[in-house]
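Next come two complexes, and both contain chain A; in the first it sits with chain B, in the second with chain C.
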Partner chain A sequence: MTSARRAPLVAIAVLAGPVLVGGGYSLAASLGLVGAGSSGFTVATWLELLRAGETWRSVGWTLLTAGAGTALAFAAAVTVARGAGGSLLARQLALIPLALPHVAGALAALLLLGQSGFLSRAAHAVGWIDGPAEFPAMVYDPAGIGLTLAFAWKEFPFLLLNAIAVLDSRDRTLEETARSLGADASQTWRRVTWPLLWRGMAPAVIAVFAFLVGQYEMAVLLAPSDPLPLSMLTQERAVDPDLARRGAAHALSLLALLLTMVLVVVHERVTASDAGGHA
Partner chain B sequence: MRERRPAVAPAVWFVALAAVSLAPVALLVLRALARTWLYPTLSPVVADGSALAAVVSLPRLRGALVASLLLALGTGVLATAMGCAAGRALVRARGGWRRVATAAAFLPVVAPPIALGVGIQVVALRLGLGGTLGGVMLAHLIPAAGYVTLYFVGALQGEDFALEDEARTLGATRWQTTWRVTIPVLRSRLRDAFVLGALVSWGQLALTLLVGAGSIRTLPVELLSYVRAGDDRLGAAAALVLAVPPLLAMGVVGLGARRTGAVA
Partner chain C sequence: MAVLSASTPRATTRRTILRWLTAIALPCGAVACGAAAGDRAGEDRLSREAGAADVAALDSLPWDSVVARARGTTVTWRMWRGDPSINAYVDGWLAPQLRERFGITLEAVDGQGAELVNALVVEREAGRTRGTASLLWINGETFASLRRERLLAGPFAQRLPNARFVDSASAIIARDFEQEPLGFESPWGTVQFALIYDSVRTPTPPRTVAELRAWIVAHPGRFTHDQGFAGATFLKGVMYALSGGVATFAGGFDSARYEAGRDTLFAWLAGVTPSFWRRGETYPPDVAAMHRLFANGEIDFSLSNNQNEAVTKARQGVLPPTVRALVLRDGMIANTHYVGIPASAPNAAGAMVVADFLLSPEAQLEKAKVDVWGDGTVLATHTLPPEWRASFAALDGDPRAVPRDTLTRYARPEVAPAYHERLLRDWRRRFRTGGP
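Coming up: the complex of A and B.
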């Protein structure tokens, strides 16, 4: 095999290898073959996990908050890109949340949205509430409002820059043709610009959603203890003093990997169909 | 055809964007500077800048800063070397291999760090790397190499490698070609890739907690620890120390991109 042919294989092994090794170990550990508390092949861990309401509440809650955060970030990105996307200042401002690490952004959200946070103080100052307890709980709340808002705030700049790039590089002749055929501005947006924008942004939107599904840094500071996000449930099981329960951490991590693999496949299909559409 | 945009976009967008972008950072600054900030006061009792300097120079935060810097630098360098090599291989590959290899680079990027860490943690322990800086750096390298590879796959599209082939034809060794041709040609892209790789490590918490096993105390680990202990002030100070290098790095990349004409 020539070195030119070998190079992609080496790249695949180096990049995906550690994920596969970690995943392989987790599979063996979840089946009781290796690791702390292992006692020979068993599917008991999986059966217990898949039957537990806690697992599905966690998966559902994670998908909902990640989905709501992505949708909010996407809506804000498209709105701002249409309003102020072309200016350099808008791009520079958008870089600030992009540069701030997630855990620092989560603390800022805590200081802003907590029941004794800045918004609560502002509400008190204008006489809307008499104390912290009257301010709606948006942090550690079962609805995940604070976490969803923090997700949207952190991911919005990435999608904004993406929306600006798509809008800047689009072929405008379609819109001009639509206008010359009598479509008004709103019809042109709905029927021409929006489909182009969505097709251009879909891979980035899927990537953001996949990233948020596995997000830990913001969840650990803003999420409730019931239901627990999938990432925190996995971490909790991974450090459980009861060694017998640690197999569940491996099974949960595989469940999370499986979820993101599905999203990788969707991402690849969308990217491929987009490339095909442009060919 | 490019539409002419108004020179100044509507002010309302800038005010909204500035508020959304800057308010959380301003809040972190205020909290880090505030000696006390009792409910329901809106403006805290702010100490002078030397108080923040004193907080930032606490041995615990200083140690975390050094650990974070070492990890980010090491991960950045290694991820750039690996990502550049892998990206070049992918760009030059043809057919199905290229798609499989791109998907392989995408896998560590989207794999949740916590899911990645649970299996890797045990493997690292078996190899004697659990709770060590080297082990945590290798763990950070897994997603970082994926990100940097994907960056190079995009940045090297349409790149002409003929110059390197010519150097080899003229008798240059592989190392000479790398140092005299490849690195000078790719300099700005290598710098951006390094920043990207370093940033992936800089903000990483889940992999550090799992593979570092509590022994490796980075800035995100200390931030979490302060906030959990109810000390928002030190948490905010750690967050600010954490925020400055990425903001500077983004500025450097943006400046470089404008100088090279990559952005308008």
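Coming up: the complex of A and C.
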């Protein structure tokens, strides 16, 4: 075997290694085999976790906010890429949030959207509200509005770059053919450009979603205490004074891994069947 | 026969599962085996660990030799790094003093509470008898966990020369959440829980738990507590007050007494949380968020585990200059924080010299200044030489600080750590998630 052929295997091992080792350790810890507070093989941690309403509220809420944040960012990226894709200034302006750390983005959201934030103060100044409590709650709110908006704002430039790259590198002859066959602009978009764009962007969209499912810094500044995001619930278990609950933290992180893995597998299946269909 | 045939397949399944696990977790399987072997070895393992062995060996040496051994070494101290004033005291005052006096390089790194326990357990599982940290900032349930997992070296505290000044008559210093330190941790500072209010916004604050209840109900949306450690301390204090005081819960964890106290507290909360900030549907994550909401006028009270935080934060401009600390007459929980030496400490001698210097009158005085940290001293100041006595007496200068005799009068000790653990867990289930 040549070194050129071996290189990808090494890369895969380096990339997958930490996940396998970490996942393996977490699995062992969630089953009471290793770690602080472990006391021999047990599935009680998993059973308790899977039976708890708290877990599923957290999972559902996390998937919803991460999903909504991804969808908003994706929609905005596609809109801007189509509308202002050619304008250099628009691209550069849109990329500003890309350079900002997530925690800074969350702080900005807090200062802007909080009940004593900039928008609230502005509303007070023009006499719309009399006090902070009258301003609609958008941080620490059970609906996760502030967190979702912060997610979308932070992930938008990444998806925008991706959308521009996909649009720039697409095969324009397909669109020209559609036009010459009598399709109007919206039909061409719906039947030709959009499927190309979506297929090209799907991996990036999944990566953004997976990242948001595990996001902690933004959640800790903006999320409510009920439901608690999966990342915060995991951290709470990881630092619980009761050592016997460490296993639950490992189980929760595996659950998060599982959720995003499902999406990756679905994507792989869909692209595989797509490729098969066209062949 | 029936019993046999029922149990054999189950045992086989368990073996199969275990084999699979070993295969999946191969890299950490070795680690796990190492840990298990260590457990079996029991005492052997403890004596192999650097810190535990060194503390035992140093015990027979005179103190001067310990100081001599510590010269030129580095002490890595795992501590909470979340407060700029504390960091400034540690990095800007302690570290230069230690370098100058003892030739010790102090390196403070982040790590507190349960994270400490996690880190030390992982180090041990990796088979390391010599870890990174030589000193730990600990108390309460962290001390309990570390002792349970046998991760601390000692006893060492009694032999520190400055330990003779420690106020060991104080129940709050002599016992840590009702546990006897037994020399496995050395006291460092005391703090007392306090509410924080703005004397302009709230000229006549409530002074008792009953008055607080009336105030909350009369001012809907203006009170809350965080969902972390400080919030749990607040709840525990109210639980004491509603159940006849701390004596009800003293003497170790008792689940019957706990459940009665919890039910009384929860009935009280059920009456007031609808008048909390956001109707008690959500709670700020931590004290930093509490201060932010308080400073921005969203709520009228913040809280802190340190009675002096109102003053230090006002001096830094984080809180308005008109803030005051508030001590409820039903009593406020006070506790002591300590330093301990991990069993895997690479530099036990250095750690002991640092722990001793932390107890020196100069280090305790500097730390107690409200424009430095405002951390209460653990020394019995009346036993100190006269010049030090005068310096400590002169501390009560800031009119915003709660006078020391008021603090002492209303100070209540912590009870067994299990009360804290259970209350936090039950509160989360019942109030945070709004369950039954």
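Structural remarks
Here is the rule we use: the second predicted complex is superposed on the first by the 250 of 279 C-alpha atoms of A that agree within 3 Å, B and C clash if a C-alpha of one lies under 4 Å from a C-alpha of the other, contacts with A are read in each partner's own complex, and residues count from 1 in each chain.
Note that a contact is a pair of C-beta atoms (placed from the backbone, for glycine too) under 8 Å apart; a residue touches a chain by one contact, two chains touch by 3 or more.
Quick caveat, the model's predicted, so the values are computed rather than measured.
Taken together in the superposed arrangement on chain A, chain B and chain C clash. Of the two partner chains placed around the shared chain by superposition, chain C is the only one that A:Gly53 touches, whereas chain B remains out of contact. When both complexes are overlaid on chain A, the residue A:Ala183 reaches neither chain B nor chain C. In the overlay built on the shared chain, the residue A:Leu63 is in contact with neither chain B nor chain C. In the superposition on chain A, contact is made by A:Val80 with chain B only, not with chain C.
In the superposition on chain A, no contact is made by A:Val270 with either chain B or chain C. By the document's definition of touching, neither partner reaches A:Ala202: not chain B, not chain C.
In the superposition on chain A, A:Leu243 contacts chain C only, with no contact to chain B.
In the superposition on chain A, contact of A:Asp141 is made with chain C only, not with chain B.
In the superposition on chain A, A:Phe41 makes contact with chain C only, not with chain B.
A count of residues in chain A touched by chain B and by chain C gives the higher number to B.
When the two complexes are superposed via chain A, 109-117 is the only one of 37-45, 55-63 or 109-117 in chain C with C-alpha atoms clashing against chain B. Taken together, the two complexes place residues 21, 23-25, 35, 116, 131-132, 220-221, 238 of chain A in contact with chain B and also with chain C.
For chain B in complex with chain A, the residues that touch the partner chain are 1-3, 5-6, 8-10, 12-14, 16-18, 20-25, 27-28, 31, 39-42, 82, 85-86, 88-90, 92-93, 97-101, 103-108, 110-123, 142, 145-146, 149, 199, 202-203, 205-206, 209-210, 220, 223-224, 227, 232, 235-236, 239-240, 242-243, 246-247, 249-250, 254, 263-264. Those residues of chain C that touch chain A in the complex are listed here as 14, 17-18, 21, 24-29, 31-32, 35, 113-115, 117-118, 121-122, 125, 141-142, 145, 148-149, 221, 227, 278, 281-285, 293, 296-298, 417, 420-421, 424-425, 429, 432-435. If you check the complex, the residues on chain A that touch chain C are 20-21, 23-25, 27-28, 31, 33-36, 41, 53-54, 57, 114-116, 131-133, 137, 140-142, 220-221, 224-228, 232, 238-243, 246.
Chain A makes touch with chain B in their complex at residues 4-5, 7-12, 14-16, 18-19, 21-26, 29, 35, 80, 83-105, 107-112, 116, 118, 120-122, 124-125, 131-132, 153, 156-157, 168, 172-173, 207, 210-211, 213-217, 220-221, 230-231, 234-235, 238, 249-250, 252-254, 256-257, 260-261, 263-264, 267-268.
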